[in-house]
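Shared chain: chain A. Partners: chain B in the first complex, chain C in the second.
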Partner chain A sequence: MSQASMAASVPDPQPDPDATPATNTRSAGRFLYVSGVVLLCAWVIVPIYFLMINTLSSPETVNSFPKPFFPEFDLGSLTFFAGFAGMLSALKNSVLVAGMTMVMSIVIGAPAGYALSRFEFRGKGTFRLLILLTRAFPLPLLALPLAVMFIRTGLDDTALGLALVHTTLAIPFSVLITFSLFSGIPIELEEAAWTLGCTRLTAFQKVVLPLILPGITASAIFAFVISWNEVFAAAVLTIENRTLTAFLLQNLDTSPLHLKFAGGFILVVPALIFIFAVRKYLFAMWGIANR
Partner chain B sequence: MNARILPYVLILPVTLFLCVFFLYPFVLVAKQAFSTGACFTMENFREVTTYWKFPISMRNTLLLAAAVVPIQLALSLLMATMVTRMQKGRDLVLYIWTIPLGISDLAAGLIWLAIFEQSGFLNTMMNGLGVVDKPVNFLSYQHPGVVFLAIALAEIWRATAIMLVILVAGIGLIPKEYYEAAEVFGASPWKRFLRITLPMLRPSLQTALVLRVILAFEIFAVVAALGGTLFPVLMGETYAYQFDLLNSGAAAAMALIILAISIGFTLIILRVLRVPKGASI
Partner chain C sequence: MAEIQIKNVAKTFGAYQALHDINLTIADQEFMVLLGASGCGKSTLLRIIAGLETATSGEVWIGGRRIDHLSPKDRGIAMVFQNYAVFPHLTVFENIGFGLRMQKLPNDEVTRRVERTASLMHIDQLLKRYSGELSGGQRQRVAVARALAMEPDVILMDEPLSNLDALLRMEMRAELKGVLAESKTTAIYVTHDQVEAMSMADRISVMHQGRIVQAASPIEVYRNPSAEFVASFIGNPPMNFLRAKPAGAGKWTVAGQLFDGPTADKPELQFAIRPEDMQPAAEGLKATAKVVEPLGAHLLVTCEIDGSLFRAVLDSDMTVRPGEVLTLAPQSNRVRWFDPETTLAVA
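What follows is the complex of A and B.
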């Protein structure tokens, strides 16, 4: 762990005139540390860059050999993707399902998060356990029995049916994130509002809600990403109204390379943006969830 | 509304929702697995476990988990310690390292397909370096080792981020005073890592490992994108029972088997990494 001793010292890029062996080891450690960080960043980015080259090249280039290492900015693959039968409606379904999941998981989850942060009540421990339990189960498997249940209730092959399953996936997260967000707002603020004549509801609206809104948005985005990325339940529960992941999965054997890569890229882009949007909240949320 | 009823009113929606879409389906899946028609039977389990692909897909799933999870643990610990010592550019580096968190397993499979397929980037690089004369079809039955490697790399690439996030959050909870005290007594950075970080991080390690191991047994889309039928795994077989063979009883039995393995490993991890009472921060 030479990088640790390095970071503790004063960062000094200029070579020291009276360098001792100790500072030499330190600058060697510094070099190792920085190159490690750079290498790990490259490990994450370079594969995505390769996918981007394939997406922004013409179908002929994608299927040819050898591959260029720079994109030729040809929209052929993406045009082919957009024109492929069923692809755009799959994209629309994905957005629709993810949007519904986002709304439902917040509307259902946030009140529970508020209850956990503000009240002591009997059964609180059991309730938290139930929430944690859902996170520790292979949830997509639930799609199998639900497929039967949905046929009976007419929810089969609908966006709402799939969104309900995805909400089950997202709800433990939305409860835990909102729990940690509400815990971060001192109850004194609410109490002050009550003494100034607010009811519980108006105090919540006027004091808590404005403070919590960015965090709630982050948690909603997280729910969107969970639904957007889910493959197994989507493939099991939809037949005609496939989502993008289910559609790509179903056509893996038959679709040409440029279609796969363009589809993969379309899946990746929102993820890049959304993770950027919620990056501040990722760590806070897991910090509280661990306790 | 009074403060005694209010919390129950607030948690009611979640509780109802989870009963209908979490607990009830579990009852259903168990019922489906243990019955053909009306009576109780083990027929479904007998059918799936005696199928020739079952031992292979079981072995593949376990082998993959055994190869991937320890590497991810080591890598995420390394990244987490690197990032806590960082002064400049911490936010940017953390953002880059957590990008895969938002990427679906299917997309991750396709990303690595771009590298490993016959006209892909690995072949291009090897050709450029003169290692091979013409592109090799890596993802075929002649190269089972490469298929395994590609799937393992895609999994490591994609799913290390979730462990990293949990561990970084966990390290953030460790009081700085512990490190300062250790430094006063002359503990080396390596000692500090072994004696403070690792033990204090136990709850986070627990969460990270449980979550990661469960997801490792659920591996499906990465394999579908890279290996196809070359590398059968449990979840893929479950999907095949449901869709290609239209045998939902057998699919339910597979689901219960995956569930049993997940619970078994969760209990083992919780036991091995148990946190002594009162010792948490």
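What follows is the complex of A and C.
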């Protein structure tokens, strides 16, 4: 907050001697705007910054007081993390489940997105709404019946079972993202390909696919991140094959501080990088024009 | 040989009937223009021929082969779209060669045909570019070259010039006509621009509300419109209409003047004449000038005859003042008659 007021109170290079009331109101509005932006950025960045400092410091520094403000680039905490029993296999499970979620949500979501953008059918609007409504059911509500069903079918405590649940969570997004991607490709391009000797399938391969591949990749990465970050279903549906989130949650009260920091950091970083890489397509999904 | 026959084609979208019982035969190598106002069904008809839309009923034949059940790629057609539809991820070369590659032609044959059509369309300098690096006119050329490279039996064009600016449109009009005549393909060209239609077509099919009203040569459509709609749609300014009452066998009264006309037994007819077919004369229709527009080449006078609006295109040496009463005589061999009940021409 002090940063904010400092930033905004820096005088203009050429202060206007007879500032009118209008410019005063404008600069007041500007002050509010800038402090709002700074506050929101700080809200997100400060915790991540502390996470980073503590991950890149030795276990002793992390557990001592006062806390450091700059990382000392000591890999002690990370080494400890890697050596902690079960941690690496949890990490492997996370990657496995997220990978399966990624593939399944694209294989199922992209055709649905294509159909929504290219075909007229009854109940299309309702269908789009329903896709979003799948997110309206809180996962805890579904978790118990799911767990029972998974135990009956033998899917409990498997990567595939968890990936199925994560795919359900990711599909609304993959459908909506691919829907907007396909809608961005004029149907005339496909029609031109048909008249030039393509079938529906070859036109899709040769024209549509190359054009949407970057967007599909983005949508896949987003599905990966959703699964990577998910903790509730992971904690309820796995016991032996815990994913990283579930594993960290399980050991929350018993593990030392530097392990929590390192684990948190390992969780946050891929998500952050991926989301940053695909931000353009997330904007597209919400219909926000991207610069 | 690629004669196109359209037999009893109709199309409905839900409850809306976009095409009513269309029958049309287009001769081999003919340049046929489908002309009509926006929404009259031109694109729908073209897309049915292309196979991008399915007719609700009727048949389409090309070169003696029924093709309406075939997919677009098997119909021997190529199409040029209004918004060009140049593939953005391919170079101009690969765009033009796209259809040839789909036919699995050998590389040197693809190169030969791409280079030939590219030079025909004057885009041989652009072969390495992507569509994002081209102007609208250049993209249009790529789209036409891509269609021509297929050496199709039939080339279909849906308002291919309507996104270009006026000057470029005029230039491309002449060029397209030349290239298509050279290529000896049968062409169907959709437009809402009557000048384009008149200047390019061997034959024009005038469409209105999902029907073909008249299919004839440009001069025939202009001189002998088969219905009031054609008369008022073609020509700028359009044809004038005045009410005519019977006055004995083959005689009709128009605004107090007696004219020779058809011997039809009707209580009323429409007397029709083009604005440029009116001359000042000692005897004729009394017209009160309302608006006078000197257009350089000629003088456009909007006047009133017998309570209805009437336009005359006169020599630009004349001076006419608003309010002045002119006496205008129609050139008698250019007068046409329409039945107001059926709106059709009466001989």
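Following the convention adopted for this analysis, the second predicted complex is superposed on the first by the 241 of 291 C-alpha atoms of A that agree within 3 Å, B and C clash if a C-alpha of one lies under 4 Å from a C-alpha of the other, contacts with A are read in each partner's own complex, and residues count from 1 in each chain.
The rule is short, and it goes like this: contacts are C-beta pairs under 8 Å (C-beta built on N, C-alpha and C of every residue); 3 or more make two chains touch, one makes a residue touch a chain.
Please read these numbers as outputs of a predicted model, since none were measured by experiment.
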Once the two structures are overlaid on chain A, check if chain B and chain C clash or fit side by side. fit
Counting only touches as set out at the top, which of chain B and chain C does A:47 meet: first, second, both, neither? first
Would you sort A:248 into first (chain B), second (chain C), both or neither based on which partner it touches? first
Touching A:207, do we find chain B (first), chain C (second), both, or neither? second
With both complexes superposed on chain A, which partner does A:230 reach: first (chain B), second (chain C), both or neither? first
Looking at chain A, does chain C or chain B touch more of its residues? B
Answer with first, second, both or neither: which of chain B and chain C does A:184 touch in the superposed model? neither
Once chain A of both complexes is superposed, is A:257 in touch with chain B (first), chain C (second), both, or neither? first
Distance floor for C-alpha atoms, chain B against chain C, superposed on A, in Å, equals 10
Identify the overlap between the chain B-contacting and the chain C-contacting residues of chain A. none
Under the touch definition given earlier, write down the residues of chain A that touch chain C in their complex. 186, 188-189, 191-199, 202, 206-207, 210-211
Which part of chain B faces chain A closely enough to touch in the complex? 1, 3-4, 6-8, 10-11, 13-15, 17-18, 21-22, 24-26, 28-29, 32, 78-79, 81-82, 85-88, 91, 93-107, 110-115, 117-121, 123-124, 127-128, 135, 157, 165-166, 168-170, 172-173, 188-190, 192-193, 203-204, 207, 210-211, 214, 217-218, 220-221, 224-225, 228, 235, 238-239, 242-243, 248, 251-252, 255, 258-259, 262, 266, 280
Flag every residue of chain A that touches chain B in the complex, lowest number first. 1-5, 7-8, 11, 33, 36-37, 40-41, 43-45, 47-48, 50-51, 54, 63-67, 69, 107-109, 111-112, 114-116, 118-119, 121, 124, 127, 130-131, 134-142, 144-149, 164-165, 167-168, 171, 175, 200, 225, 228-232, 235-236, 245, 248-249, 252-253, 257, 260-261, 263-264, 267-268, 270-272, 274-276, 279, 282-287, 289-291
Within their complex, state which residues of chain C touch chain A. 50-52, 71-73, 77-79, 81, 83, 85, 87-89, 98-99, 102-103, 146, 150
